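Note that chain A is present in both complexes that follow, paired respectively with chain B and with chain C.
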Partner chain A sequence: MNALASIGSWYTNNETLIQQILILALLAFGIQVALRTGIFSLASIGFYAIGSYTAGLLVKDGWVTILAILATVALTAMLGWLLAVLLVRLRDLYLAMATVAFDLMIGVIALNWTGLTGGPLGVVGIPISVSTLTIFLTVVGAGLLLSLLERGTIGRTLEAIREDEELAQSLSVDTGRYRRFAFVISCVLGALAGAYHALLFTDIQATDAGFDLIVLALTMVIIGGFGSWRGALVGAILLTWIPLKLTSIGEWWDVVYGALMIFVATFAPGGLFGLWRDLTRRVSGSKSGQDPARLQGTAIVTPGGRAPPSAREPT
Partner chain B sequence: MSALLEIADAHVDFGGVHALDGATISIDHRGLYGLIGPNGSGKSTLLGAISRLTDLTSGRLLIEGNDYTQVRRHVANALGIARTFQTVRLLPTMTVLSNVMLGAENEAVRRHPVINWLRIGRARSDSQRARTGAVAALERVGMTAVTNSYPQDLPYGSQRKVEIARALACDPKVLLLDEPTAGMSHSERDEVGTLLMDLNQGGLTQILVEHDLAMIHRVTTHAFALNFGKVIAGGTPAQVAADPLVREAYLGHGASAPPVGSDPGVTANPHQSQ
Partner chain C sequence: MQQLVNAIVFGSILTLFSLGLSLAWGTLDVLNLAHGAVFVFAGFLTYELTKDGTLSFVPTLIISMIGAGAVTVALELIAFRRIRNNFRVKRQAELSTLVASIGAATIINQFISNETDNTTFGPSQSAFHIHQYKVGSVGITNIQIIIVAAAVVVAIGLDQWVRRSRHGRAVRAVAYDPATSGLLGVNVNLLAAVTMFVAGALAGLAGVLLAINLGSEDVSVGQDYLLTAFAILIVGGVGSVRGAIAAAYLIAIAETAVIAYGPSQWSDGVAFALILLVLLIRPQGLFARRRFERV
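And now, the complex of A and B:
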């Protein structure tokens, strides 16, 4: 009982932190999906704003939460597809710049379209209409869907597009179609993050999705590792949690932050996930190299369903 | 019977440079065609044009009588054209098997991203079929032992064979090979030469860009020579090698026949061979 109570009180003390981590994880997923496909897009942050206004205003207008969220997903999927078609020719840094410009434009529109967004006053008094559990389940669901995206035919296809687009085309990959597909997923995930933020914290400010959020989300993915959704998740946890634990150092946090970025970019360009993958690859490689019989043994099973003695684990 | 592949009056301009300047060739079923010519003569551009990675400025491409000049880049592979590149282009982030599976997964398998993503319907059996196809392709080039290695851990010659396996996994009607033996040792070259002849015996049409004339002599059934983006000779390998225009292109005016089996570096630089 004591243990349960202490978990309960830990959760109550940290609920806001957990909610922030979950929401930022969705946003980081959005950036990660794009980067893993070789699309340097930061449009997710603009869609974070679009998502928060769409869902927030619809719920405030009396819509049922689930319908408001579905409408947000549908609308942002459509807008994301349009943006993808518009930016089809851009690559790398140029695409990054164009999508940052898109994010800043959305910010300016939010600030000036007073009739819809409330301008500098923002939208306030949105009823709290999602629970932490709902967001948690969404993050789990998104993680599952993203792990499917890293396996099988589609995993190989997206990886080929990132590594060598021309080669992918020569192997019958319609790279344009797959890039649009990844871009739309990236936008929708950003929009979901924004929607949950609005529906949980009850207000939207025009400055919520500004340059700071762009930098934060990108940093999460770079430090966690863009190779997998797991990297983005770890990045979201670390970069939400660490600053809170380091409040004592105050403004020096920015220095730690910068140093961390430089360190990761220099020594671990694949981020923490990249380090972990290299490590496991090396360990499994050397294992099979040292003792091939051991690997074979696990595969050999006698007709009776029992492994031969050599393959059995010592009890 | 009509030709498998026809390239008619193909022009490719890069800025002011005429990389292809009215090249016309016809490729018959079951042929193994050598494509020779000095550096910059347009060999790689021709392979690029045939595989649709390079757009023609003008001219026509036909496969089995159907015009595919305007199809989108990824469609050429679905029409039966597979290729390797001048440099090794295997993906370092995945195993040899996965690299080759990329070839086995065809346009029909990849058409719907969402179906592949959520593994709806046939996606799972498609994936299994791709694995079987990839293993078969690795078998054909004798590389099954390295299935689970990463390409960058393999010797250079093996990497090039894995690339050929990836192209074979596409189950092509015609295979384009851009200097598949460049940088290989003598014995590795012989091995690849034998492999290409075996594939040809099995009925596979191939176009082989190659500097080594001994290799052309040994393995090809037909040959073309390019210079300044034009076809300057065509016929049997011996005819092409003996053609005065080809000699001139390789060795400069008035020179004797190109030395068979000469070092590619020498034949590639006619101005140094004086």
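And now, the complex of A and C:
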């Protein structure tokens, strides 16, 4: 009874924090699913903006919430597919650059299309129309979907595309189709995050989805580990929660945060999730270090150097 | 006419800023997102050095450039070198480098914000007296003349250095194939450190000149310039010195024209639209001759 009550009051005290974590987890999932397939796309943030305006304006117009969300998903899936087709030639940093430009362009459009988006004033007074439970269930659903994509044939196929696209093609994998698929999932997850943010916090600012959000989302995925959706979830929780708890070091928090990023990038490319997986693997005595989710023959030979955990040669 | 002068001054600062970024990306595959923060850091150093009004312009400029270069070299030694040597998978190395540089940018920006109490800061007038010259109706200040001259000197110097000098040839060899150039006796680590120092010092030069020209700035300036520099690299072709110079002036003229004559609230969009357009139509950049091959 007492325990229940204390859980209840803890929840009430932290509800906003939990909501933020759930929304950012969806966004981080979007980045993670792309990165895991070897698509360095940050387009999710642009779709976060598109999703928040679409869902927010539709609900404000009197649409039923579920219909507005479905319409958002349908619209962004279509736009995401279009963008994937347009950007089909680009890889790696060039793709990252193009998607960042896309995100910021969406921001500029949002700021200037005053008739639709309210410009710098934004959209206010959207009725609160989703509950924390809905978002939680969506995050669970997205997590399930992503864990399915990490398993079995499709998981191995996506990983093969990341490790060596040409080799995957030579094994008659239609890499273009899988890449478009992952890209669209990535965009829709970003749009859902934006939609929930608008429907929960009742207002949208044109500056919500800017360069800072791009950096935050990418950081979450990298620090948590882009090898798995669990890494993205850990990243979303840590990077939303720690800054609030470390108010004692106040203005120097960002320095700790930056140092953590340099550390993870330099020493733990698999992120915290990768570290944990290496650790459990070592403890369980599995010496082969073979990742079960690997397609045979996609090993990348990494002479004389440490490879990221996922790219380690099976021995 | 006045707008053209503004565009050329703006383009000159962009040239100085983006040449360093282009050098690091083109030769070492380091997309250094801390470049903008280093740029502001140099402006901050100038502010600190000129506060008591004893130091004059030239020593301030040199110390700030060395400071900016040193910060970049520190980043190379702490993070970039380890990443380059440890992760042989190129994509992983690029991603890790990007993240490490975001971390570094966060640290530098927070340091500057804390030291300046989150207010704008600018170099003291005592170090450099801004004087305006009038030619007909067109005005240009002495610092603006220095900016344009510096850009011309640096652009020609860097172009010749990369093309002709022994060092420059080694830099291009490393860009082409680091492992083989290592075997052929190029000290890749040393060369990378020198390249990063030059890149940082160029950001420093641009940072000091901009700080004096603007009068006051804060850390957000670094991010604005970084985003515009992305467009310059993409339009000019990554690693191409001449492409970067041409693209810097092109974008400066386009943005100035939009601000002066067009829908000025869309000026931020010019750079992003150019990035998208060029990547869609001609991913190797408008001025690059090299075939686009990133598989």
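One rule holds in what follows: the second predicted complex is superposed on the first by the 284 of 315 C-alpha atoms of A that agree within 3 Å, B and C clash if a C-alpha of one lies under 4 Å from a C-alpha of the other, contacts with A are read in each partner's own complex, and residues count from 1 in each chain.
The rule is simple: contacts are C-beta pairs under 8 Å (C-beta built on N, C-alpha and C of every residue); 3 or more make two chains touch, one makes a residue touch a chain.
This is a predicted model, so every value here is computed, not measured.
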{"item": "First, second, both or neither for A:G152, with chain B first and chain C second", "value": "first"}
{"item": "Partner touching more residues of chain A, whether chain B or chain C", "value": "C"}
{"item": "First, second, both or neither for A:L260, with chain B first and chain C second", "value": "second"}
{"item": "Which of chain B and chain C A:Q169 touches, first, second, both or neither", "value": "first"}
{"item": "Partner chain in contact with A:A160 - chain B first, chain C second, else both or neither", "value": "first"}
{"item": "Which of chain B and chain C A:R177 touches, first, second, both or neither", "value": "first"}
{"item": "First, second, both or neither for A:N13, with chain B first and chain C second", "value": "neither"}
{"item": "Contact residues of chain A, present in both the chain B and the chain C interface", "value": "166"}
{"item": "Touching residues (chain side chain B, partner chain A) in the complex", "value": "51, 53, 72-78, 82-83, 85, 89, 91-94, 98, 101-103, 105-107, 109-111, 113-114, 116-119, 123, 126-127, 130, 166, 170"}
{"item": "Residue ranges of chain A touching chain B (in the complex, touch as defined)", "value": "145, 148-149, 152-154, 156-157, 159-160, 163-164, 166-175, 177-178, 181, 227"}
{"item": "Complex contact set, residues of chain C against chain A", "value": "25, 31, 78-79, 82-83, 85-92, 94-100, 102-107, 109-111, 113-114, 223, 227, 230-231, 234, 263, 265-266, 268-269, 271-273, 275-276, 279-280, 283, 292, 294-295"}
{"item": "In the complex, chain A residues that touch chain C", "value": "35, 38, 40, 86-87, 89-94, 96-98, 100-102, 104-105, 108-109, 111-112, 165-166, 211, 215, 218-219, 222, 251-252, 254-255, 257-262, 264-267, 269, 300, 302-308, 311"}
